[in-house]
Amino acid sequence: MTVRTGRHFLQIPGPTNVPDQVLRAMSAPTVDHRGPEFATLARRVLDGLKPVFGTAGPVVVYPSSGTGAWEAALVNTLSPGDRVLFFETGHFATLWRDMAQSLGLEVEFVPGDWRHGASPEAAAQLLDADLAHRFKAVCVVHNETSTGVTSRVPEIRAALDAAGHPALLLVDTVSSLGSIEYRHDAWGVDVTVTGSQKGLMLPPGLGFNAVSDKALAAARSSRLPKSYWDWTPILDANEAGFFPSTPATNLLYGLDEALRMLADEGLEQVWARHARHAAATRAAVRGWGLDVLCADEREHSGSLTAVLLSEGQDADAVRKIVLERFDMSLGTGLGRLAGKVFRIGHLGHFNDLTLAGTLAGVQMGLELAGIPVGRDGVTAALDHLRVN
Amino acid sequence: MTVRTGRHFLQIPGPTNVPDQVLRAMSAPTVDHRGPEFATLARRVLDGLKPVFGTAGPVVVYPSSGTGAWEAALVNTLSPGDRVLFFETGHFATLWRDMAQSLGLEVEFVPGDWRHGASPEAAAQLLDADLAHRFKAVCVVHNETSTGVTSRVPEIRAALDAAGHPALLLVDTVSSLGSIEYRHDAWGVDVTVTGSQKGLMLPPGLGFNAVSDKALAAARSSRLPKSYWDWTPILDANEAGFFPSTPATNLLYGLDEALRMLADEGLEQVWARHARHAAATRAAVRGWGLDVLCADEREHSGSLTAVLLSEGQDADAVRKIVLERFDMSLGTGLGRLAGKVFRIGHLGHFNDLTLAGTLAGVQMGLELAGIPVGRDGVTAALDHLRVN
Amino acid sequence: MTVRTGRHFLQIPGPTNVPDQVLRAMSAPTVDHRGPEFATLARRVLDGLKPVFGTAGPVVVYPSSGTGAWEAALVNTLSPGDRVLFFETGHFATLWRDMAQSLGLEVEFVPGDWRHGASPEAAAQLLDADLAHRFKAVCVVHNETSTGVTSRVPEIRAALDAAGHPALLLVDTVSSLGSIEYRHDAWGVDVTVTGSQKGLMLPPGLGFNAVSDKALAAARSSRLPKSYWDWTPILDANEAGFFPSTPATNLLYGLDEALRMLADEGLEQVWARHARHAAATRAAVRGWGLDVLCADEREHSGSLTAVLLSEGQDADAVRKIVLERFDMSLGTGLGRLAGKVFRIGHLGHFNDLTLAGTLAGVQMGLELAGIPVGRDGVTAALDHLRVN
Amino acid sequence: MTVRTGRHFLQIPGPTNVPDQVLRAMSAPTVDHRGPEFATLARRVLDGLKPVFGTAGPVVVYPSSGTGAWEAALVNTLSPGDRVLFFETGHFATLWRDMAQSLGLEVEFVPGDWRHGASPEAAAQLLDADLAHRFKAVCVVHNETSTGVTSRVPEIRAALDAAGHPALLLVDTVSSLGSIEYRHDAWGVDVTVTGSQKGLMLPPGLGFNAVSDKALAAARSSRLPKSYWDWTPILDANEAGFFPSTPATNLLYGLDEALRMLADEGLEQVWARHARHAAATRAAVRGWGLDVLCADEREHSGSLTAVLLSEGQDADAVRKIVLERFDMSLGTGLGRLAGKVFRIGHLGHFNDLTLAGTLAGVQMGLELAGIPVGRDGVTAALDHLRVN
């Protein structure tokens, strides 16, 4: 049995530390999901989601993980054999690609080195060349949770526009929404996919699709089989504040509270806070003399930082020491990055002193693991926090 | 704004009144779903589910509604165009049938009057006649939440066995599991579908599939497209206490507590408690001079009672009065029963005095709605509770 | 181990069933009791208490039980050897009298039969005769929790006024405040004593004194030793939203929520609700053919009903059956009423159906205990609730 | 409105950060305090307290603050005019002395400089000289919450023993119990006073007296008036698991959980953890080039550190910056230390990374306040934590 003498530091890049007021909100008694009290809640939540996605259109909420919301985005808009463009930005882009294949889509996967975002240049080239408009969708992971690298979605949009290409733009914002600047409508995204357990500050259990008019039009001719994920009956029932199948009521209570918190802070300020914490984290990494995985200054993630160790150093050994000695969970290296990186989540309900504690734990863990590091990492981060 | 001066009586047939210790358990901080603490929890929960389903085999848990678990049962075992046998026992059987059709299955729907369970005789006749074994699955709703009528699953199983028919037996236990006697293994069921929000005493948000070896074998050749619902990666990851996509951690905390409560009470005692409350409820209905919808004494539901009003009486008017005057939610008439019945849920975390309060509210509501009823309904129920 | 299959019915006359939103409010993190966030809370709570007591003056809040608040009322206003008038209305009046004696006060105790409130006639007689004004205080229990009998405080006030007597009027409202009509200022009360765990719908742990100007003046010359209970430093610190010793922060969170609930319902409506539930309870008692202990129609308590059994009947045996069979706690007979009465609490966070469940449990318990009772008690209560 | 984007750091020296499992435990429904379920709880809690105090004797629990428990210690053991020896170790020793005076005791107050504990030498001198045994009690604050200086209680005990003096030894452990080594029986203490909100990890609202046989004997002849604080009826009722007045049930739920946590960690380990965190904190203070208030190496507090600023530096300005910029509450300078020190609480539910965050906040706050400090404070603390 682990004896815990203080709060666990959950510094994986999601699930994030759920605010205690959200947990309390979730512990209210479940109500009749067909009654007036629920309808009031549902309408408030469905409305309150829109500014967070930056959309005036509808947001579909599923009892599901983010993975389920990936599936929903695909099955609602596409048909068997449709050609879809993915970018190999990391582990999650790869998994989403795998899903598309298993659902019967034909995938073009632009290779990547897991240190850069989706290449707008590659996108432009492929789309320009696709005169027959065989690509029905372009799928981008806005913030690769496995690498801490963002993709410049507006530039992908620009490539579509420049090519005059009608493909849908589907974007995974699982670890960016509510943390990193994102604008569904302004950026011309057709389906935005996310989950509850990161910037939305909830436990896992809800998946989301923000849906453009163009996506809704595509849904009308989409032929992938669907029932649970089908937007149509959900959007119909949502009009009155209801859902066709039983919604995850208590998670919606938490969402209601989390949306209130985001609105109170102000979305621009939420983004600025995450960016500032990310910059302070990179200052610490530099102070340790280590490398940030992200190789493009324009693409640093505001929600997590992946730290790249050298050949012969074991990132999972660092993580194990940090967990056992300091009761902090860090993200592991996924896929081809296994053992080579660890990931520091600095998103969600998070503040300066929690970041300081987080970085202190990483610094001590690195030292205890015998990784030669400069001992000024934390101090450099504090300097950043103090003057910014 | 409604001012609530005491506990709401949530007497729809699910979601049920969540025990406060389950709500408290759910409000523990979310942990790393890839860490050792989570793995211990997951293994305990996955093991603890088995006796509740009456199975030695695996139970797959999804972040989803029960509707999602319906879909999972179908897409894991069947292929496009497969022929499936359904019984029109009520609204939910009809919805599940609709789902099967929309997923591309070919459905035979045995008609019913919504006052009886699935007919073992009809099943026998169709299965005996199906010498080519074109039926790949028989789908039964164990307890029709829309009618309060159970289906005699062992007799359906017997019909399959008598015909020597290899079709899979898929059973919906959304409103029976953890309330009404049910035995996945002993009854030869292949997939048992349920949700979290009824007998399992949780908020909605989890779907379940208990899976037989035969169902697992069928999954290997099934060709319906699937990714989120695919059992295989989930069962693989479950071995180590993990999930391929982010699990609904806090609902699993609640499930852990709910399973402990069911084990403490003892499953046989749980079933007996529900049966006794159902009998007391029927005594009240008789005391009022009204009819229970269920027309077969062998098929009364232990978890809910649908009360049938006469022509010209408005069941929804009764429900509205009960909600507004007595802060109790009753179930509405669904589909063809709209306005004709109301449903009293007496399942989940429930005891004698809460049942007494529930029936008192119904009696007063009927009187206030101008339905001529005997005023001895509640007293008859109390007599039943006292001597049984 | 008791296995609980639904909510316990806590129908003692306090502590009462704490609303779950109050429990949730109490589970917020404790804050710095010397910081600005606390001060805002404290001022809101201290202001919000005033209308509940019916006063424009200050209310002192202690971390204590109601018993502590009794002591506070005495030691702040009186000096060793002061003569104080008490009325033997029941067990709690007797205990308060005992406390006064043990603190060195000289007590006159007007005898009573525990079925009536404090006698305004006896008060008038004693006060009229006390030409030397040796009585320094008159102490009345507004609602005797041991008997379910109220005292007519305005008539005691009138007796003081008619006699032109300067004695202070100290009133215990432990089981009436927030349940039964009470007006500190309008009724000319000098110190009103209460606790958190009844009409205020909180767990036990807070004691209260509402204090008139005359009481504050008396405090300046009072010579009973005091430190913890001393009003002066508390009232001084309260000005700025603070307390001289550490306040019970989390109970204050709950109080904040409870005050909001009382304000939302409206105090007049709160009183009417309790009176209506008390009348329905008496209808049930009559339906059973039993006696209510309170012998004066003007003095029935709105918050509890004590039921008097006959010689040879054991009230505690009824209570034991009700607890074991129906998981409901009823109040025991205290002091000279031991075994002769049981008490039904119908106060605090409470509604019609919970009352119906409560009375159903009592009816079944009486029958199971072999007490011959009419079986129409619950029905009579329902009739009352339905038409009132 | 403050927008909180992460957990508040409550680093005053109490109330401390309440563990969320304690808050959850406290939010269970209140039960009948005269019923069997409560009695089981009460007995478990009363037994579980004993090892924490290091006593085989009884511990009395009050709904009160620690201040109330001070009063209880005095009024149960002493009589008007009794002579009592206090030591001026800081603000709280002064307040306790004031209380004794206001209760009618005659106080000898050994002067002190607020940087040292109670002087065993001074105690020896006064006790040796008191041949008439006019001192009835010696009152010591084990850990001065206002200064971060402990008193060496065993040496005070030795002074009493050497003098063969019968005075009672009363010790305030409000901010040491459950944090710093303390042994009621082994150290020959007669009454140990504490509160719930520090090392016991609860919200405020409970006061405690651990009581020796000698104290119980003294209580029999004590003549200070008492009722609420009277040990006798409480100890009598505690035998059966009950209390004479309504106990603070939900705080007892929390206490039950907190005692389990302390037992799981092990008291020796709890003490070692606090001592290690205190040493790391002092390493930080040295790294900043500042002074710890405590002037005797033997007397450093394990639960808090008071940092002394220089003439012209404003400690409250630092605190204000830290609160506003970093959402952390630090303790203010009390009494004669106002503005000159700030106090860092590092007690209760606390771990290395929370300490790191705390010290980071202090370091940044000092810098922002323009106090010239070395920037290696946090790093020095991390070095200490890493290698110890």
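Each chain carries a letter (A, B, C and D) given by its place in the written order, and its residues are counted from 1.
The criterion applied here is as follows: a contact is a pair of C-beta atoms (placed from the backbone, for glycine too) under 8 Å apart; a residue touches a chain by one contact, two chains touch by 3 or more.
Owing to the predicted nature of the structure, the values given are computational and were not obtained by experimental measurement.
Under the contact definition, chain C and chain D share the contacting chains A, B.
By residue number, more than half of the contact pairs of A-D reappear in one of the listed pairs B-D, C-D or B-C, namely B-C. With centres defined as mean CA coordinates, chain C is found 54 Å away from chain A.
Between the CA-based centres of chain B and chain C the separation comes to 45 Å, rounded to the whole angstrom. Averaged C-alpha coordinates put the centre of chain A at 34 Å from the centre of chain B. Taken residue by residue, chain C touches two or more other chains at 7, 17, 20, 24, 27-29, whereas all remaining positions touch fewer. The touching residues of chain C, counted against chain B in their complex, run 1, 3-7, 9, 17, 19-20, 261, 264-265, 273, 325-328, 349-358, 360-361, 363-364, 367-368, 375-376, 378-379, 382-383, 385-386. Chain D contributes residues 2, 7-8, 10, 12, 14-18, 23-24, 26-35, 37, 62-68, 70-71, 80, 99, 102-104, 195, 197, 203-205, 207, 224-228, 230, 244-251, 323, 329, 332 to its touches with chain C in the complex. Interface residues of chain C facing chain A in the complex, by the touch rule stated above, are 20-21, 24, 27-29.
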